[in-house]
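Read from first to last, the chains carry the letters A, B, C and D; within each, the first residue is number 1.
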Amino acid sequence: MTAAPQIEVPGGAAAAPPRVTRGRGLLVAVAVLVVLAAAPLFLAPFATTTLTRIVVFALFAVSLDLLVGVTGMPSLGHAGYFGAGAYAAGWVSINVTAEAPVPLLVGAVFGALAAALTGWVTVRSSGVFFLMLTLAIGETLQQVADSWESVTGGANGLAGIPATRVAGTALANPGYTYWYVLVAATLGVALVVLLARSPFGAALRGIRDNEPRMRALGYPTALYKYAVFVVAGSAAGAAGALLIAQQRLVTPADLGFMTASFALLAVIIGGAGSLWGACLGAALVIIVRDALGPSLDGHGTLVLGIAFVLVVYLLPRGAAGVRLFRRRT
Amino acid sequence: MSELSRRRMLGLIGAAATVPALAACGSSLGGGSTAPTGAGGARAIKVGLVVPKSGVYAALGTDMQAGWELWLAQHGGKFGDVTVETVVADEGETPQTGQPAVQKVLQSDGVDVVVGIVNSSTALGVANLFTESKKLLIVTNAGAADVTGKARTPYMWRTSFANAQVSAAMGQHLAASGFKDGVFAIAPDYAAGSEVIAGFTKAFEAGGGKVVGTVKPAFGKTSDYQPFLTQIQQSGAKATFCFFSGAEAITFVKQYAQFGLAPAIPLYGSGFLTEGSVLKQQGAAAMGVQTTLHYSDQLDNPANKTFVEAYAKANNGASPSVFSMQTYDAANVLNRALQTSGGVDGDALSKALGGIGTVDDSPRGPWTFDGQNPRQNMYLRTVQDKGGTLVNAIVQDLGPQSQPA
Amino acid sequence: MVVSILNGFAIGFLLFVLAVGLSLVFGMMDVLNLAHGALFLGGAYLGAALSGGWGGFLTALAVAAVAGALAGGVLSLMTEPLRNRTHLDQALLTLGVALVVAELLIMVFGDDPLSVDAPPGLDGSVTLLGAVYPSYRLVIIGIGAVLALVVWLVVERTRVGALVRATVADREMVATLGVDNRLVKVAVFAVGSALATAAGVLGGPIYGARPGLDAAVLILALVVVVIGGLGSVRGALVGALVIGQVDTFGRVLLPDLASFILFAALAIVLVVRPQGIFSGPVGAR
Amino acid sequence: MTVLRCAGLSRSFGALKAVDDVDLTVEPGARHALIGPNGAGKSTLFKLVTGTMRAAAGTVELNGQDVSRRSEVQRCRLGMSQTMQHASLFASMTATETVALAVQRHSGRRIGLLPRSRPEVRARAEQLLADVGLAGRSNVVVPSLAHGERKQLEVALALACNPSLLLLDEPAAGMSPAERARLVELVQGLPAEITVLFVEHDLDLVFALADAVTVLHLGRVLLSGTPAEVRASEAVREAYLGTRRREELFGS
C-alpha cells in the first residue's frame, strides 16, 4: 500500500554540516585570526574600515545562520534585532557611558529583548508563514525606529554617538576600533559556534531536519525555537552594538529589509548551516556593497539580485558545499 | 538581461581586481588623518564631491555635480591660483552608502575638503569624521536643523538651507495675507517633515495665525492621500500648507487637484514641492501652487541670468535647480575662504569661512553666513506656464531669513 | 465619508487584481512569489511610458498582460527545479528576480518618479453626493468588479478551475491521482502574473511609477493574501476589500498608527492561525 | 495497574468519524497488537494516544495518570515513545547522532549549552544500535541507510526514550523476511518492563508476537481479546472480507 518511504535529502549526503577535524579546524581558525589581527598594521585606513564592517557583518550573518541554517527558521526580519542592539548601544553611549563592554552588553541585551518580545509570535508558525511574519516584524521594528523620534532620532537616525572607550581611552582611529570590534565579534562568533556544537545545537539541527519527530522524542520544540530565536537576536544585537562602534550612527535603514536581505545572502552564499561559510559570505557581500558598489553606478542591488538567483541554482549548499574539508564517512 | 548581467559581472570582476589596491600602503594606526596636500600657501586642493549617483536622489546628484563643475569651468578649474582636483563619490540613498563614500574620499583619496551630501542623516552621521580628522565639510543640501544646530561642529558648514527656515517664511507670509483663521498643515511623518511643520506653525502662529489641523502621513509608505484630503476638506481650512518631495510631491499635488480641493482651498508649500523634475510630472495639477524657497531659476538678477545661461549651455539646455545653485555657491565660498585661509586644513578654512562676509555674486542674491547656515532672502513663487514649460515664477521677495532658533 | 468608503472600494478592487494572482500561485505551487510587486511596477512603468491617450492606455494594458503572462511562464519554469527545495530557496529565488527586475526598470526608466495620466475623459472628476471624486477611480471599481467575477467564474465553474481548486486543497492528492497539472501550473502563474502587470497599468494613474513602489505593493498583497486565505479567489476579494477599507479609514482615524495597522492585521491573523486562515487541520501534514 | 487505558476516545474529520468512542486497555508487559482493515482508524487512534493529535472526546491514562490534556512532548517524558510508520528521521545525522539525540533528552540531565564530550551518551547510543542490529552502521548518515535499517533505527530511537509503553506503527512495513525475523526477535527480547502496543498489517507477525489483540473497524472497537479469540471471530472475518480475501487474512 505505501510506497517505500524516501527521506528527502536535498543535496544528498552533503546535507550534513561540514565537520572539521578538531585540530585542523582550530589551526585554520587561529591562522585566520592572526592574519586578521595583523591587518591594520599594513592596511590603509579605508581598507581597515571596510574590514571592520566585514567583521561586524560576519557576526550578524552568523547569528542569522544560527536560525536559518542550524535550526531551519528562515527569518526575513533579523535586521530588526541588529538594529535594536545598535540603537540601544548608541543611546547608552550618548546618554550614559561609552566605556567598552557597556554598549556591547546593552546591545546584546536589547537584541535579546526585542527578539523575546516578538519571537513568541513566530515560533508557532512555519514555512512561508514564518517568512511572512518575520518580514512583518522587521518592517514594524523599522517603523518604530522611524517614528519614535525622541529616542531614535527618527529618519535622521541616531547620530553623534561618541567613540567607544576602552579603559578610559576613546578608540579614535580605525585600527584600534577594528581591534575592539574584532575581539568582540570573535568572542560572539565563538559563542555561537560552541552553542551550535553543543547538545542543544544538536537538538536544533534535529528540529531543522524533522520537527514533528523531535516532539515525538520529547523535545518541546517551540521552546527550543524560542530560545534560539532570542539567542540569535542577542548575537545580532551585539553585532549592532559593534556597528555603532565603527559607524557611530544608526538609521532606520540599518534595520530595513535590504539589510536583512544582505545578511540572508551572506548566509546562503556561505551555505546555510555552515557558520564559517556565513563569515565568508559576509565578506563577499560587504566587499560588493561598500568597496565595489560605488564603481557599479549604484547598481549593487542588481548584483545582489543576480547573486541570489545564481546561488540558489548553482550552490544549493552554498560555498560550504564546495568543501574544503573532507568529511569522514 | 543576459547581456546586461554579463557586462555587470565583468565589471564586478574588474572591480574585484582593484580591491587589493585599497590596501595600497601604510597602516591604520596613525592619528586618523593623512598629511595635508599643501599646508600654508597651498598650490593644490583635493575636493571630495559626495553626491547621490544612484537611488531616489540621483537626479539631485546630477544637478549638484553640474553646479560644481560649472563654477570650476568658469574659473579655469582653480580657486585663485590653487588647482582644484575633484574626486566624485556616490552618496547613494542612505547613510549605509553615504558614510562609506565619505570615508573613502577622506581616508582613501585623502581629500582636503568634502562638498555635497543630500541626506540629512548622512550629514549628521559623518559629522564626527570631520571633527576628528579636522577637515572641512560643506553641506550643499541636507536641511536638518541639527546640521548647523545641535550637532554643530566648526568643520561643518552649509550653503543650502535649514528645513524650518524655508517654511517659516511661508508661515509669516500666510499670516500676513488673509489666511489667519485657518490653515491645515500636512507633511510626511519623518524628521524633515516635522521640522518643516514646526517651523511653519511657529512663524504662522507668531503672526497671529491659527492652524486648524496637522497631519503627518507615513513617510514613504503613503501613495493615496484621499483620507487626508477628506480631512482637510472637513477641517474648514482656508488654505493648505504642505511639504513633500519626490514621488510624494507628485502624488499629493495631483490628488489634491483630482479630489477637487485645488480651487476652493489654495495649496501652499515649501519650495521642494515643485522643484526640479517633479514639476513636469505634476503637470497641470501644479498650476497656481505657491511655494517659498531661497531660489528659482526665474530670479531676475544679473548673477542668476549669467548662471542660468551658462548652465544651460553646459548641460544641453537644462535649467539649473536649487540643488545646482547650492553646490555652485559652495565652490564660490570655498574660493573666497581660500583667499585668506593660508591653508586647506579644517581649522584654517573654517576660520576663513566665518570672515567672508556677504556673498554678493550668488545667483540667489546676496547672502551671508549666520552661524554656519546662510542668512538669505526667501522668495514666494507660483507655478506658471511659460511657453509650454512649467516654471516657478517669482511673486514676491519675502526678505532675508535666518535659520530659526 | 462616502468618498472614503468609495475610495476604500477603489483601492480594494485594485488590490484584488494585484493579489489574486499571488494567492493562486501560492495555493497551487506553495511558492511565495516575492517578484509579484516587481511585476506590478513593470506594468506601472509601461503605463507611464505609453500614457497620454486611450490608444496608449489600451496598448499598455495589452502589452502588460502579454509581458506579464510571459514573465509568469518564465517564473514558473524557474521555480520548477526548486519544487522539492525549501520555501526559503524559492523565496530567495523570487527575491533575487524581484531585485533584478526592479533595478532593470530603474535603469530603463530612470530614478525619477513618473506620474501617469488617466486616459482622456477619465482624467477629470465627478461630483457624487456633494463630494468631488476622480472619475478614473470609479472606473477602477467597475473593472475590478468585472475581473473579480471573471476570475471567480473561471475558477469555480470550469474544468481547469476545478483542477486548480483541487490542487489548492490537496497538492499531494492531485499528484498521486496522476493528473498532469504542470500546464495548469504554468497557466496559473502566467495569468496571475498578467493580472499583476495589468494592475500596474490600472494603478498607474493612482500610484504613479517609482522605485520602491514594488516593495510597497508586495507587502499590501501579502497582507491581503494572508487575511483572505491562500489560494482562494473569494478570500482574495474579501481580503482586498477589507484592506482597502482598513487602509483608508485607518489613516483617518489613527494616523499615527496607520503604518502599523497592516502589519498588526497580518500578525494577528497569523498568531491566531499560525498556518494561515484557510489551512485547517485536515491539510494532513 | 494498566499501562494504558483509553476511554471514549473520539475524533472526526468533517463527516468521517475516524475514531469513534474507543476504549482500549493495555496490560503491563503486554505485546498488544492493534489491527483492522484500511481506514479502520488505527493511525488516528495512535495519534490520539501519543498526543500528536488532540481527541475531541475521551481520556487517555498512562500508568494510572490522566494525560489527556498533556502534550505529545509531555507524554513522551512520562514514558510513552513511538516509532513512525514512515521512517522519518534526521537527514543530516548519522545513526549514532540520531540515537544520541534521544538519549541526551532522556538521560535525566539538562541539555548542555556548551560542547562537552559525554561518553556515556555515546556509549548508550552505540549499545542501543547494537541491540537493534545496527552495530557496524553507527557512523553512516541516515539517508545512506537501507530502508530496513532505518526501521531498526526507529526502534533504537524509541527505546532510547526509556519508555514504559512502546508504540510501534507498522514496524515491519517494507522489511525483508530476514529483517522481520530479527524484528520479532528484538521485540520478544525486550524486558517485561516495556509494554508494547503495535499496529501491523502483517497478520503472521501479529500472531507470532502478540499476546493481546484489538480489532478496529470503521473507527470502533470490533473486538478485544487473545489472538485465539480474534482468529475465531466471525465478525472480524466479515470486517476483513469487506476489503480482503480470506486467504490473505489468515492463510499461508
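Brief remarks on what is shown
The rule we apply is simple: a contact is a pair of C-beta atoms (placed from the backbone, for glycine too) under 8 Å apart; a residue touches a chain by one contact, two chains touch by 3 or more.
Remember, predicted model here, so these are calculated numbers, not experimental data.
Contact counts per chain pair peak at A-B.
Compared with subunit D, the chain whose C-alpha mean position is the greatest distance off is B.
Separation between the centroids of subunit C and subunit D, computed from CA atoms only, is 47 Å. Mean C-alpha positions place subunit B and subunit D at a centre distance of 73 Å. With centres taken as mean Cα positions, subunit D sits 41 Å from subunit A.
Mean C-alpha positions place subunit B and subunit C at a centre distance of 37 Å. Taken residue by residue, subunit C touches two or more other chains at 100, 104, 107, 256, 259, whereas all remaining positions touch fewer. Within subunit B, the positions touching two or more other chains are listed as 5, 54-55, 58, 189, 218. Annotation for subunit A: residues touching 2 or more other chains are 8, 143, 147, 299, 302, 306. Put simply, subunit B touches subunit C in their complex at residues 1, 4-5, 54-59, 189, 215-218, 220-224, 226-228, 230-231, 246-247, 250-251, 254-255, 258-261, 277-278, 281-283.
Across the complex, subunit A meets subunit C through its residues 8, 10, 68, 72, 74, 76, 121, 124-129, 131-133, 135-137, 139-140, 143, 147, 257, 261, 264, 268, 272, 299, 301-302, 304-309, 311-313, 316.
Interface residues of subunit D facing subunit A in the complex, by the touch rule stated above, are 38, 50, 52, 71-73, 76-77, 81-82, 84-93, 97, 100-102, 104-106, 111-116, 118, 121, 139-144, 147, 150, 157, 161, 173-174, 201.
Interface of subunit C with subunit A (complex): residues 26, 30, 32, 81-82, 84-89, 91-93, 95-104, 107, 215, 219, 222, 226, 256, 259-260, 263-264, 266-267, 270-271, 274-276.
Residues 1, 3-4, 7, 11, 100, 104, 107, 110-115, 117, 125, 127, 131-134, 206-208, 210-213, 216, 247-249, 251-252, 255-256, 258-259 of subunit C are the ones touching subunit B in the complex.
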